[in-house]
Amino acid sequence: MTTELLYALVGVGLFSLGLYALFVRANLLRKILAVNVMSSGVFLVLVALARRTGAVAPDPVPHAMVITGIVVAVSATAFALMLMLRIVQETGRAELPDTWSE
Amino acid sequence: MVCCRQTATRLASGTSRRGQRCEPDNQRCDATRDQDVDAQNLTQWIFDTLTGLGLLCLAWMALASSQLIKAIVLFVAFGLLMALTWVRLDAVDIALAEVAIGAGLTGALLLAALAKLTAVQTATSKAAHRSPKDRAARKLYRMPAALLLLVAAGLAYSVLSLPLNSRGLSIEVGANLDASGVGNPVTAVLLNFRGYDTLLEIFVLFLALLGVWSLGSLPPHRIEPAGPVLNTLVVVLAPLLILLAAYFLWAGAHGPGGAFQAGATLGAAGVLLQLAGWKPGPGFARLPWKLILLAGPALFILFALFTLVTGQHLLEYAPERAGILILLLETGATFSIGLTLAALFFGERPDDAEGR
Amino acid sequence: MAAGVVGNRRHVFLRIRKMSASATLPLLILGSSLLPGLVIFFLPESKVRIRTALNLSGALLKLVFVGVMAWGVFNGTTYETRLPLIPDLEFVLHADALSLLFVTLSSVLWLVTTVYAIGYLEESPHRSRFFGFFSLCVTATVGVAMAGNLLTFLLFYELLTLVTYPLIVHRGTEVARLAGLTYLRYTIAGGALLMIGTVWLYTLCGTLEFTYGGFVREFASASTNRETLVVIFVLLTAGLGVKAALVPLHGWLPQAMVAPAPVSALLHAVAVVKAGAFGIVRVIYDVFGIEFAANLGVTLPLAILAAVTIVYASVRALFQDDLKRRLAFSTVSQISYITLGVATVGPIAAIGGIVHLVHQGLMKITLFFCAGNLAETLGIHKISEMDGVAHRMPWTMVAFTLGALGMVGVPPLAGFVSKWYLGIGAMAAGQEWIVAILVGSSVLNAAYFLPIIYTAWFKESKGTWPAEQPRGRAETRWTLLLPPLVTALLALGVGLLASAPFSPLDWAQLIAGREYGR
Amino acid sequence: MEVVITTFPWEVVLILAPLFGALSCFLWPKSARYLALSTVFVSVLSVVALAIRLITTGSYRHAIGGWRAPLGIELLADGLSLLMLGVTAVVGLAITVYSTGYFPNRQLLRFWPLWLLLLAALNALFLSGDLFNLYVALELTGLAAVALTALSGGRAALISAMRYLFATLLGSMSYLLGVVLIYHSFGSLDIMILAQRVVQSPVVWSAMGLMSAGLALKTALFPLHFWLPPAHASAPAPVSAALSALVVKASFYVLLRLWLEVFPPGQTAMLGELFGALGVAAIFWGGLQALRAGQLKLLIAYSTVMQVGYFFLAFPLAMAAAWCGVLYLLLSHALAKAAMFLAAGNIIYFSGHDRIVDFDRIANQLPMTLAAFALAGVSIMGLPPSGGFVAKWLMVEASLKSGQWWWAFALIIGSLAAAAYVFKVVGHAFTQTTVRGQTNAVPALMEWTALALALTSILLGLVASWPLAWLEIGGMFSCESAR
């Protein structure tokens, strides 16, 4: 078990954790957190495996991809939070109703 | 320091592949292996395992904690540990970005959202009770949980089945680094080799702002004014952050750093100012500010159009001018990112905020 | 690759450019009703004159074109239009004797029906909509008639379904809406079956071109087993049987009589039902080929089904008091003569079936016109209200009587000719049971038509009519009175002059001769 | 001139023009309307030019920044992308024209930049030949779509937008993880390079699973469709049109690309069967729900769920005729569905509601709108002469040819259901009672736009051989030699 694989597995773990929480959690803020955890997991897999170049410096392309990804993630998060706030304003609760039609 | 870390990692990876891997470029490592391998290796092991477990635990606690505030704090802690992990994985650029954006600004956004959440909930006098849904849902999702474990196991297996040694695109990047105009391979990829991704991604940020602004305004609410301590802190910190941003911007060309880190730091300064009670007025949504807001995307587009009309490939840099062009684009991007993040932290469109 | 694309494009253009006069005539025949229809949609209600002018000129023009084409076909010209539709499949319009028979029938009757409809719908709402779809309906029918391959046929067949719907629901009442839905349920399901059958056939044979003696025999590869072909045949006939109102697929037809009288005429005589019957003829003759179909063993079951339909529908008709419902059931039974004649393997019976395509149309349209007149003028819908109506509306009832007697098969009217040939043909084909069916059905026809005639002529009038509107000096509007008289005379004429050249019978003999290789 | 057209990188214009338009609409809201219109007009022209270039010179690639793959990102212009770009341009033009009349002013100002960004994202997506770049484009598309969904700011809109947001984010995450696995096992992100390198392996299994699941979620394949009906039903009509006509197609397009080029054929067979089964389920469920829907826009949304089911029937068939069929379905469905939503928009604009049972006299009040809806319906239920019919024909043919008649059966059942729900609406529109409630006149432009789209979707049934021929550029499959 090398460092790369270890961290990659942690990444997979984070991804699955986030996925589970996204399903289970009703509170929107928690769902948003869950999505962020998921993305961190993906990024971790991406970067950890980029280090399998051995002795030389790690593969920079995944690093660049992750930086892009982080910015995308923060954008989505900001938007999601505002959307959540508006929903709270409309419904008084930070949760999605079970049936959308209500 | 850096060299130590590299040897360390080399050993960590080297020993684990004893026998299977002894390429010429690692002669030295194999030679020096036998003495203190195990001791160093062990510390590495402990460190990595602890970090990994820490990440998982923090994530779980953040997602499982009953109070939102706790969840957010834990999430920020998680972000910081992530940053540490990036350093451990020789990804200093990402570490910086993570500290600034992942942990810092996302945390700030979350906290602000939480503050507004309570404010809004009290404002819209509807009962803001926590429903027992979570527990019910958890029961409901026992099955998915089992299924998810399977998925995770499958993913783990496939990750483990990956080849232990792959160069990815590092060779290509290395070969063309000189022509890229910058010394930092990550920056080279971001702004040159895959500059197109960055172009689109800056528009994602812009889009997020448009989205937030199109959602209209929230009912009046106010975050508690910062105490005098914070105020003085801000007075000191804000200029520092701005300087830091400038440094990152400049350093990005050769070492760790770059537009995103810089922009994020700038954004952090904006956030601090707002914490200190400064509010962007309606003018903030008018043309001059808009122009700064769009500096990044606009410069990118103009450059793209330039390459289009001059019959080059899209976003093609002439090697001799690449460095300065990239710096220019990065400067624009820095302003945009900083301002956008600050605006995102503020939330609704300033003139809407005035309008109510 | 690119070159290939270009080449493809060029050959498409060539196709379009090389269309000569003989290729454009079928398009003209379509256009003569299509274009007026499309224009009429955008006419404001008030523009009665322009609309009437468009309608009539279109109908007349179509007649002229059809006449030219008939002359051409008689002199051995082949009219064919080909346009690319789907890769390797073309949109083909083709004029042969059979299609010409149907085209002539529908365009003649369209003219008459247009006149009638103009009179019938005076100062009623949404006339532009009505006449628009009316024209499209005939366009689709003519397309069905001239379709040169099964794909084109399917195309117009479905189009016919769609454009007929607005006519059926035209009145906008809840009843009309429901009748429309029933109509769609049947016809769209039928269309689906037809489509599956068509595609399947295409995957087997690689062509869909109608050819004398059928294309299935040559193209169906030896590997394809007969069962598959039987299934396909069933799919096709079921799909067509819906419109041809074969029992048990006839349910929509009696309901559809809520539509205005001209529409009923269209449904029963000109367009829809005919399209179904015509399609069955096409499938048996030009897709499978009569011999191949016969030794597939599918014709006898079809004949039996037709026979059942004839008897069952006649019996149902007996018990209808509503005039139009009775006529509707009579249609169900009469239209099956066509199927019967074609499914009876034998040239003479074939003649009977094919010629009935025309004869039934003439007679049935007369009857529906008359029923419409009664409803419009006196508000009569039930047979029990018809006591002595002949004294109030003699001319209408003369026409009605002619049509009814023709249906019964009284010589020398049209119906007699059909039944005669059917009977002789059945004998010749050694299927005497069909004769029994014919006799029986004629008796039944008599049983449900003669009482009407009796009531109308000989019963004492109650004096008052359900809802009488003054219609000027004549018994009703001329536009309503002339069409039934004309069609009745035609029905008489084709019976009297059956043996004259160019009579429907003549054409039918030509067609059957081609099919049976004489 | 000829030379310019056949050498100029029109695909770049298609990406830059809407981006530029979005910026300028944001900077100068006063003249946003004209900026948007001219932007869309430019992209229509460039699509035409691109088509000419592709037809004359065949497919080609554009190395961005002059860096060829695998180091750089390459744009990929072939028949498939041309088809999608064409749809986007046509539908985009229609929606843009329509929106000028539809929105209240305040919303309109916020609509333009978001809308142009969506168009840019779609164009970028249809041109991208790079897996990670596709991810960024997907995110851009998703976020823009969600923002547009929430535009009206109503309660239902916000809630469904939130659901949509989570769905699309989850989808992209799962897709991205798949990309990560692919990259780390084959060392490239470029589709063409991967097409040569990818071989069967456990990693490819999970990558395929992740990407397919993520994209199926974004495409709203049953049972992952839960987010679509509320979103498409509660968004403003032009937005719904864009979502159903274009956005859903985008993720499907990515899936199709991966399937045709990246995923190793040996490994796709089983997944194809699964997709087919889910597609059938989608057809039945979507049809059922559409029949039960009482609101027009909800009905149309469920009809989209059903049509998505059709798309996935192509995977188990996996032969040229099926691909051509499904792509033609994509084309005609986009036009028809957009027309339907715009027609629904007219009805809402006219009567302030979209309760189907109260559609009395629509046939007389809004004849052109009803005609648009009905004609689009003809294409949706796949009756001739319409693009839908050609598509259905090709797919049924493929399934019968390959002896898998049950897919054909599902197709036919689906079209029957489609007929049922289309005529459920049309039937009510003919009944004549007095109109309840006050109504306001619909601008003629809006009616004409809907009708024009519907007519185009019908026209597709008459000129099928040209689009299908263009589809072959790049030679992924040939519709001519399909048989």
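Note that the chains take the letters A, B, C and D in the order they are written out, and that residue 1 is the start of every chain.
The rule is simple: contacts are C-beta pairs under 8 Å (C-beta built on N, C-alpha and C of every residue); 3 or more make two chains touch, one makes a residue touch a chain.
Computed from a prediction, not measured in an experiment: that's the story for all the values here.
Each step here moves to a touching chain, and the least such steps from chain B to chain C number 2.
Distances from each chain's CA mean to the overall CA mean are smallest for chain D. Across the assembly, the chain pair joined by the most C-beta contact pairs is A-B. Here the spacing of chain A and chain C, counted between their Cα centres, is 67 Å.
Computed centre separation for the pair chain B/chain D is 32 angstrom, with centres defined by C-alpha atoms.
Our note on geometry: chain C versus chain D, Cα centroid distance of 42 Å, whole angstroms.
Look at where the CA atoms of chain A average out and do the same for chain D: the two points lie 27 Å apart. Across the assembly, chain C contributes no residue that touches 2 or more other chains. In chain B, the residues that reach two or more other chains under the touch definition are 155, 159, 162-163, 166-169, 173, 193-194, 197, 201, 204, 207-208, 211, 215-216.
Residue positions of chain D with contacts to 2 or more other chains are 132, 136, 139, 143, 146-147, 150, 153, 177, 181, 183-184.
The set of touching chain pairs reads A-B, A-D, B-D, C-D, using the touch definition from the header. Interface of chain A with chain D (complex): residues 15, 19, 22, 28, 31, 35, 38-39, 42, 45-46, 49-50, 52, 62, 65, 68-69, 72, 75-76, 79-80, 83-84, 86-87, 90-91, 96-97, 100-101.
Residue ranges of chain C in contact with chain D, taken from their complex: 1-2, 4-6, 8-9, 12, 84-88, 91, 126, 129, 154-155, 158-159, 161-162, 165-166, 169-170, 172-174, 176-177, 180-181, 184, 188-189, 191-192, 195-196, 199-200, 202-203, 206. Residues 154-155, 157-159, 161-163, 166-169, 172-173, 176, 192-197, 200-201, 203-204, 206-208, 210-211, 213-216, 287, 290-291, 294, 297-298, 301, 304-305, 308, 312-317 of chain B are the ones that touch chain D when the two sit in their complex. Contacts from chain A toward chain B in the complex involve residues 1-10, 12-21, 23-27, 29-30, 32-34, 36-37, 40, 43-45, 47-68, 70-79, 81-86, 88-95.
On the chain D side of its complex with chain B, the touching residues are 9, 12-13, 16, 19-20, 22-23, 26-27, 62-67, 70-73, 75, 110, 113-114, 117, 120-121, 124, 132-133, 136-137, 139-140, 143-144, 146-147, 150-151, 153, 177, 181, 183-185, 187-188, 201-203, 205-207, 209-210.
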